[in-house]
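First chain written, first letter: the chains are A, B, C and D, and each begins at residue 1.
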């Protein structure tokens, strides 16, 4: 342990810090629980690179290993993995917010020991009433050692008067608002839970030997040779133990509202969400975008590596345009990378993305990107392509403009971070310096995903980021949300503005 | 953070794990609080080498750096120390018990954040009712993240209904039994507290610039150029803040009972305890031992390096015998040392202590050791000296035989670890293979220390380890103590046996 | 330094060990020579990940920092880079052969100090008479401290009787056979040299401030904002000093023979070789392959990530087939990755490449790979696609079958490593388990590259790997080459066999 | 490997850099050669802490592991040691001069591979004509990769025309001047060699199983259970192979001249040199000093820890004064220790040595130190003791004043580093601020050591440092020596001054 904790007591009102994106994995009753969890988390590594950890249990003794960085850095030797004996495990990889990324105490899974029980827990997502609940507990004498929603749940469970662990868990989950997935491991079972809107998936898989497991994406299942069983619905939790698995509801007021960024950006292309393949959905977004926002005079299509490549190839195919590798992503940038100074950047030092000049020069380019948050990258790319001699640059974004913050775990909790909260499409086009700019429509997004929830509002897709309509209470964030509304956001909320 | 936690829920009844030997340091209002704490802890490093940590505060923001190993390993670069800005600090070095030495969560100082307050805390010693208190708190819903007495105190403080921090602290200290020293740092002040018997010192010092500080030994004061102000008496705590320092009692039922092992073994020779210099006391123990257990035919005196050298030179001087360096301690053995296999040891590979054959050969040797716990080292030394050609070996131990476990922080909590709990002196002599064996008498020990507490029982020295008379309740240990009594211990308790 | 050298004296006849693939960079007279070299090497990182190093000079003092692993691992802190002061630099990244990858002494650049001179040197490639020259030098009393061609050149230079450094360099280069690029830095200048066939590029660039630099690929130029000046031709070397740059010939018997694997596999897609863009050449190979070996009934085209994606998209476009991301490459596999055991692999644990089942299932697939060496990967991929439910798998390789070893730096120096040295295409198809197999023809390759050397044999492309016709002497390898000829190779050499 | 080499070509005329203090170990034909070497070097660790290394051989394959720091840091895991298979080994620990301490290339043993042979080599000492020999070899085309005398010997051996390795070794050793010990390991044998004056010991030992070994001190023998066989005399070398050991002379013009600092300071107290125990010699120096320079009014005697403790106890016993631990050496200062700033030191921060105030206050102190080089430490100690309240301080140095530089390996090669090259004893007393100052006489030193070489000049003790009479040529240093002579040195050389 080597850490720097820099926290004023007052920082804890900063509710950002509990946003937790990442990937979860859990397995029950497998002789190689440690290795399965390691390879499972490896397949989820794209969901977070700040820290990783595994806790195993043999039903009595719990063993933990956690650390900063990629999972293969944390488990830098085989010995570290082999020391985690036991036949059940939970693990997490995580993307920490800037403020807590050097803070060891938040690395998960957390492990708590009591005189009568041990519990390992990990989670992702964001509880919208975390601050309120924590204050209430603290006033009642509770002592917190981390800044994490996972510890909050443990406190609720331990204070519950229900007469079984399952009862306490249910009672505690009912008190939570927001977007979250939890995995818990006790002596008696492996537990998974999702919020009332099932923003992010938690899937159940099974190995050839019969062992059940939990994972944030189906890519983790296929990576370890497991088959997909089902995924948890809104307001559900699962108990996996020696009797198999059993899914229970803990809430009745539920409503499916899948996070669209999982399709657009977060998930691995080979994952399926609600039965929909992510690569296929992205490619369809690209095709649809080509129909909605065509570029009749363009010469070639290029995508921003790596998340936009599916959409770009879809766009190219629909348009019968050549799909080219016009931007190269440097593969070997790690956490310790020395960044070029401003002076060097001005001298033309490029360290993340390079343009292939001989392809770009004199061409009319379609540049497909998956989404726009701050807009800094896209502005930079337009400049790079101009420098490489592009004749014209048509920006095509394979998702709708993000107009509103997300409070359920996407890490875009501030209006001030969202460029499209302030500008219309023509204004953005001017800001970015592109020759034309087109976003996929909201209908186009929903149609491209083509979810099976045909009866649910918006086919079960959450449109909060586009329309400001929040499926779940935003709790402690309400005040900040209202105070920071931009004129454009106000118009959208009143129905006075909508992208064509 | 890279750790292995191996704990079954039931391990928590193993009350050993909360024994905490180590050294504390705290400083208030000094522009170089980080460096002063670093050098202060450096001078206390002999009290524990398992982990080290410092927390600093500027009155608002707390910063922590902690890690396994020596303090100059934990602070391996200047940057790590300089990052700890602020003008107040607490720090700890620690000697962990085997079971928790790889457990990061117990590395102190612990740092807790609440919505209305931050607290850094460190301690040493052992609470004899820790288990009972923890169970009570857990049953009431408390969640513990470490296995430490320091966290216990925080829980008590936070649950207290007193209307000030000082009031809560006082109320909480009153609930604790055993031997302990605490240092706490809050936004408002630096606090130090000792148990009702003042087993181990906590001294107050002052720097030339007026800053007050707390330390476990006076050696830390002289190392940083501070002068000794006073030390806390039984049942006292001190508040240091911008108004200076103020000592308060928190308990009335107090009784001074200094831990004799601080004089015999733990403290650095240049430290003073209750005004008594440790080297001088040890030398006097050696002189007195020479009177009590003389060796008229011996040729030379040698001491077991390094803690017995003062006593050995005292013995030699009193006896007018040459004091020789007959045993060499290898200086460079660190934590990562590769130990020789049993096979190599049998072939004569020595890695900790070597005998100086040319000095030993053919001589009648007095070997002075400071104390005997398990007896393994002394048995090994007798063999080494025999192999080196000693004609005769007279073992002289500069303290009384340790017959009973200690429950207040000395890490000898089990009767089974104490060889003298089972054997009389003649039996031990036979076991060790020495030609004669003599211990310092209890009276000799008390007289040699010559404490200023002339009116207190045993002149304020705790004799629990020699006579089984415990000055403080042994709480949760009572049952185990009684169950494990040996025939010899029973005789001693009944007054039927006492070393001549 | 922490190394394991495992070398028997006799290993040095093992001439593999001097094969050196990697990337070179050099810069003269730039105030940020250290950073420019760092970012330049970063853009060459794909050429080797085993070790990295930079040597800088201020014209008098040379400073070096080298280490195992990626360049951003070797330069893990800014301090390490900033310590390399000076305005000139050379650097290398390297891919070591298995046998020497833990041997520190071979990490380049090497730095030699003499009483009258310091020289830093790095290289890539393979000298085909290294053993003969070294034996001759050793017999004459020379002492070697590394196993590297770079040290060989230094010995030749120091033993030369020429009356200038440039004269000695020229004389020494004339004694070398094989494929090589060298960068040398002395107090007086930066030197670059290539072999008589210019197998691999060494390009000269210039920064806005006028500084000249050398690099193995143009991608390093564009990454740091430099413009392309020219590249060294066969048998040429360049002197860069305060007077600018000057190219000299050192040999007359030269013949251009570009290594085709630089186009097919090694170089970054955005690099240009002899004016030909690598991505464009690869895409054209894919298009040509579609013409030569069509797949009329196929449903989709997928490429093996990442080096085959250009060719795959070319194939798809030429064929009007959808180009899909059917195989996912795990991004986060580093050197310390824990590999799944055989048992786990059999249970389906996939750690390098995953198939996207929902895309593959029931489809007739074209799988485009860039080349085949051992054939193990392609066999594995066919199995993965079959497991994912592919109806048919048509393997299309976007380069000709590699039938002969390469001795000029490609690391395929043994016939036994080359599956196509033994089997015809139909036999390979059966071995791989594919439904059909097609390679690009040699003519197709040469035409797709479309080099400007229209008058040179094979348009200046080396066909040694396909036809066993070696443009340069294979020196010490001749005996082994002849002894290991397979029946198929013999037929090819006699002109009795050639792929249709 | 992570290093910074900072060397201008011209630095190589700086002849300091080849001074090499350290410890050597070698073993032939032992199944645990790696472990024996590890533990042997461990017992020599006091001779150097900058780097450590071991090379093992099974008669064919050589394996090396080397690194910066203590041996148990370099071999931080058992695996690293176990990887060094083979039944023969050489190892070195080393104390680098400031300039090369971060230079990996000088870490020994060096390992050279030739087509017909591998050689591992390590050494300590200093060749006084290294520069001349190196220049001659370089002019003849030799390429050096290190800055070490060991590589020089390899070049000489490889260029020798003798018809056996032993012949070449003999021929090469004859060309060397100065003070040196070498250990070499080849496929055929283990070789040890010492200079013509045998300045420093190289002893031969034997294990119970019959294996022979070489070591720099007998402490390494006793540490691993080996018995002393003999030590090499002036101008001798030993060949150890399967036929046992055989000692040969390589030179006839020899003269025993033991380095007195080995007795005074360097060696471990339990070592014997030429049959003389080091602790016993030191104690006798203390006794003799008490006779020569008595302190009739003193109260107590204290020694500077740790090297002066033997002499101090001898002084105390001879004088019937109490020997006290008045200065405490901080045990835990490692290489990475953060040093207090000047500001902190002025505020009284002590980090290396602390005075025990309660012992010192009001006393008349005899402070015994082993020797004085720069005089900075002793000046500091006088101040510390004064601050602690000493009434008077009598400095007693248990060796003669060092008036001249040493060129044979002691690292005091510059007159400017020697305070006693400029000042007489009364002047020094004033400079140090002591109340009286007394050195041991040269005769006192020679008598105290009481070597068996009663017929040799000065009983075989080298007096160069005291009288400027150099037993061996000082070669390349002659010019600098003469140019830097101080008035006091000139008087001594002319016989016009000598300490009373």
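Everything that follows uses one rule, which is that a contact is a pair of C-beta atoms (placed from the backbone, for glycine too) under 8 Å apart; a residue touches a chain by one contact, two chains touch by 3 or more.
For clarity, every value in this text was computed on a predicted model and none was experimentally measured.
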Practice task
Determine, using the mean of C-alpha atoms as each chain's centre, which chain is farthest from chain C.
Solution key: B
Completion exercise
Between chain B and chain D, the Cα-mean centres are separated in Å by 38
Handout entry: Centroid spacing, where centroids are CA-atom means, of chain C and chain D in whole angstrom
Key = 49
Handout entry: Multi-chain contact sites of chain B, meaning residues that touch two or more partners
Key = none
Handout entry: Category of the chain touch graph - line, ring, star, complete, other
Key = ring
Completion exercise
Touching pairs here come out as A-B, A-C, B-D, C-D
Handout entry: Residue ranges of chain A touching chain C (in the complex, touch as defined)
Key = 32, 35-36, 38-39, 42-43, 45-46, 49, 70-73, 75-78, 81, 207-208, 219, 222-226, 268-270, 272, 277, 279-280, 283, 306, 309-310, 313, 317, 322-325, 328, 330-334, 336-338, 340-341, 344, 347-351, 354-359
Handout entry: Complex contacts: residues of chain C adjacent to chain D
Key = 1-13, 60-68, 74, 80, 83, 104, 107, 110-118, 134-135, 138, 141-147, 151, 154-155, 158-159, 187
